[in-house]
Amino acid sequence: MLDLVQNTVDGIAAGAAYALLAIGFTLIFGVMRRLNIAFGPSIMVGVFLGAWVHAQWSAGLVGAAVATFIGALIASAYIERLSFAAIRGDAALASMASSFALWMQLEQGVALAFPGRTTAFPGLPALPDLETAGLFLRGDDIMILAVAGIVLIALHRLIYHSHFGLEMRALADNPEAARVAQVNTKRVAFLTFCLAATVGAVAGVLIAAADGQISPKFGLWATLKGLIAMMIGGLGSLRGALLGGLVLGVVEAQAQWYLGAAAREIIVYGLLFVCLILLPAGLAGVRDTGAARKL
Amino acid sequence: MDPFLISVLSNIGLFSFLALSAWLLLIGGEISFGQQAYFAFGAYGGGIATAVWGWPFPLALLWGAGLGAGVGALVAWPAARLSGVHYAIATLAFAELSRACLNVFRYQRDVDGYLTGPDGANGFGDIRWVYETGIAPGTYLALIAGLLFAVITAIALASRFNLLAQLRMVGEDPILAGMQGLRVLRWKVGAAAAAGAIAGLGGGLYAHLATYVEPAQFSVMTGVHAVAYGLIGGLGTALGPILGVLIDIGLLESLRALAAYRMIVFGGLVALILILRPRGILDESLVAKVRAWARR
Amino acid sequence: MGATLEIRDLTLRFGGVTALDRLRLSLAPGTVLGLAGPNGSGKSSLINVLTGHYRGEGSILLDSEQIDHLAAPERVRLGMTRTFQAPRTYRRMSVLENLDAACHAFRPLLRNRSVRRCETKEMHAQLERFGLGHLAHALPDQLTPVEQRLLELARAHVTGARLLLLDEPAAGTTEAEAHHLRQVMAEHVLPGRTAILIEHRLDFLRALCSELVVLQAGRMLAQGAPDDVFAKAEVRETLMGEPVHA
């Protein structure tokens, strides 16, 4: 029983990072109605830039984090310009396809620039571990939960209590009406990408710092985690992204503990597949988001 | 023929099966990131058939293709109600699920004193039928080309009998197609079965050429490439995905200088082409123009 | 010969909204039923339920056969077709191919050339009849709005369907264009068929319909011969705000 609860606690910490990734995907999909498959790799560019900055100038976690944000922003801007802004509104498939072409580019680019299986990334500041009632909460996990919580609160304020947030929501709800209401859709789209990159960069820094290292597999890994969390929670819903991320984290932790790594993979992908078939609206019960578009 | 050239052409041929598989689904209006799973089933199925069960090669290939078709249809049946992003992610999920399952799939039997068969993540080696029967690489290439040609001919026949046009109708506007009496769900499942068969056939051929397969070879990146080939080569004709494969493997692989940067160049090409021609180089309007010119 | 259509207690609910409320209708063969009413009164919903796009409660009988359990493609194969409020075409196929598709769609494997109705020569002839002969190889995007509407009508015609559901076939056209569409419909499309015609243009309804139904909030407000229905005060009140063409 204690194991179950402990795993849940561990899972929530990991899930918080997944939730941030899922939120990044959801922001872009919600506003643009297209999936940015290259989101994970764009974060990867960021964390590798962070690692490089640290290696060059011993910049520490703060320096690496700043570099990560910059790298993720540049990569996201690149993707937005080439795969989204440049492609006609009705060719949603072409956008998604173009984004995975850029994924190929970014992945190979990073692998060439940073040969070697892993690269070092500065670790999280040492927080004391917490032990209570037989449950163990690692210092790293406390840090992740705290930072993720702050980001989520800030994001909520931005989306629901700011003018920009209103524009984003208008565009997400009804692009034609938003355009008529003088919302500068191109600007909002671009800034949404930047926002998603920022949120993703936070996730990237947290994950990389907790691990102390990064590998070129990070791009695919982050993409898969973010996508799975987003789809479990319900495509297009921010609440769903949060919920999906936490559920994914907990399911992974439990599966890993009781059944091992190989079974964990099977359960996670099986869960995603079953979720999609039986619950296309996701856990958050999102009804038709207009995602069923013509190609 | 130069052995390097034979090897490159064989690769082009094998990946063409995968590309055609993804292309068929694209025409039907769905993007699938998971065709590599049926390629894998064909590889494992065909490999087990010859290496473990001692089946004749043609039967093994048929078995691989059949597995691909069967599983493809089975997956498509519930998934066909989904569309767009949901369908794409569902195919991705299934492919990764398959790969995760293959990582724990152990099926080894004593064959001539050796333990033969898939060994989970350690892979599946000793698929030696081609080498035991002494088939030359050139001959095998001819076999690959022949079967690929057969598949393309089958697709051309489908076009002749109005089947491909109906699939395109389902792909472009399923609601309109339904309102014209097309049973959309059947078409989607049928297309998935055909696509699975094509991928499975390619997988069987691949396993016997490579003699060793492992789950890691059938990754998401492979599936993403498969879709990219159709999108860059063009959705207007079955030659489109093959053109895409030619561009990636043929052009870039054989230009040694670019080899290390292949994905960067290919990715950049795809992104640029999609801006100018969202349906690829050989898209429907180009094909229509060629047809109109031929009619004159 | 047109089909008979019977609707019994048809109800359709979306969340909290009742789009159709226990509707009852009976159409004899050859009836052209006009369907009028303010926006949101349930006109398009009725068509969507009849075609099977939405599932409601109640029963629908086409030629005395219950069809409410059937999916849309099956209903179409029984002899029903519809046009769309915003013209829907296969934008990657030519006008001729679009017409061909409507005719061929559920033919079995082989192009059934023995069926005269679907031969290429006949397709060209039909295009001529609808005034689209010179546009056979054009793409739908190159058509003017009224030409697109003519294509919708031509497609409905070549299916050979005996029940037509026409959703605002003249929407977005000028007076003259609407008049032309009216003539085409009266001459080529409607004869020998049963039809339900949704329109806001009352002159359109008056000219083509043998019977008229006015809906309001999913319920039938009035039913009868067009002139009788328009004479009713509550009908004029409901349809107020729309120009009544004498």
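So that you can tell them apart, the chains are marked A, B and C in the order they are listed, and the count of residues begins at 1 in each.
Note that a contact is a pair of C-beta atoms (placed from the backbone, for glycine too) under 8 Å apart; a residue touches a chain by one contact, two chains touch by 3 or more.
Note that this is a predicted model, so its numbers are computed, not measured.
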Topology of the chain contact graph, where touching chains are joined (line, ring, star, complete, other): line
Best-connected chain pair, where connection means C-beta pairs in contact: A-B
Chain nearest the overall C-alpha centroid of the shown protein atoms: B
Reference chain B; chain at largest CA-centroid distance: C
Distance from chain C to chain B - Cα centre to Cα centre, in angstrom: 43
Separation of mean Cα positions, chain B and chain A [Å, integer]: 30
CA centroid of chain A to CA centroid of chain C, Å: 47
Contacts with 2+ other chains: residues of chain A: none
For chain B, residues contacting two or more additional chains: 172-173
Complex contact set, residues of chain C against chain B: 51, 53, 71-74, 76-77, 81-82, 84, 88-94, 97, 101-102, 104-107, 109-111, 137, 139, 159
Chain B-facing residues of chain A, complex: 29, 35, 37, 82-83, 86-88, 91-98, 100-105, 107-109, 112, 220, 224, 227-228, 231, 235, 262-263, 265-266, 269-270, 272-273, 276-277, 280, 291-295
Sites on chain B touched by chain A in the complex: 26, 29, 31, 78-79, 81-86, 88-90, 92-94, 96-97, 100-101, 103-104, 120-121, 171-173, 220-221, 224-225, 227-228, 231, 260-264, 266-271, 274-275, 278-279
Residue ranges of chain B in contact with chain C within the complex: 161-163, 165-166, 168-169, 172-173, 175-184, 284-285, 288, 292
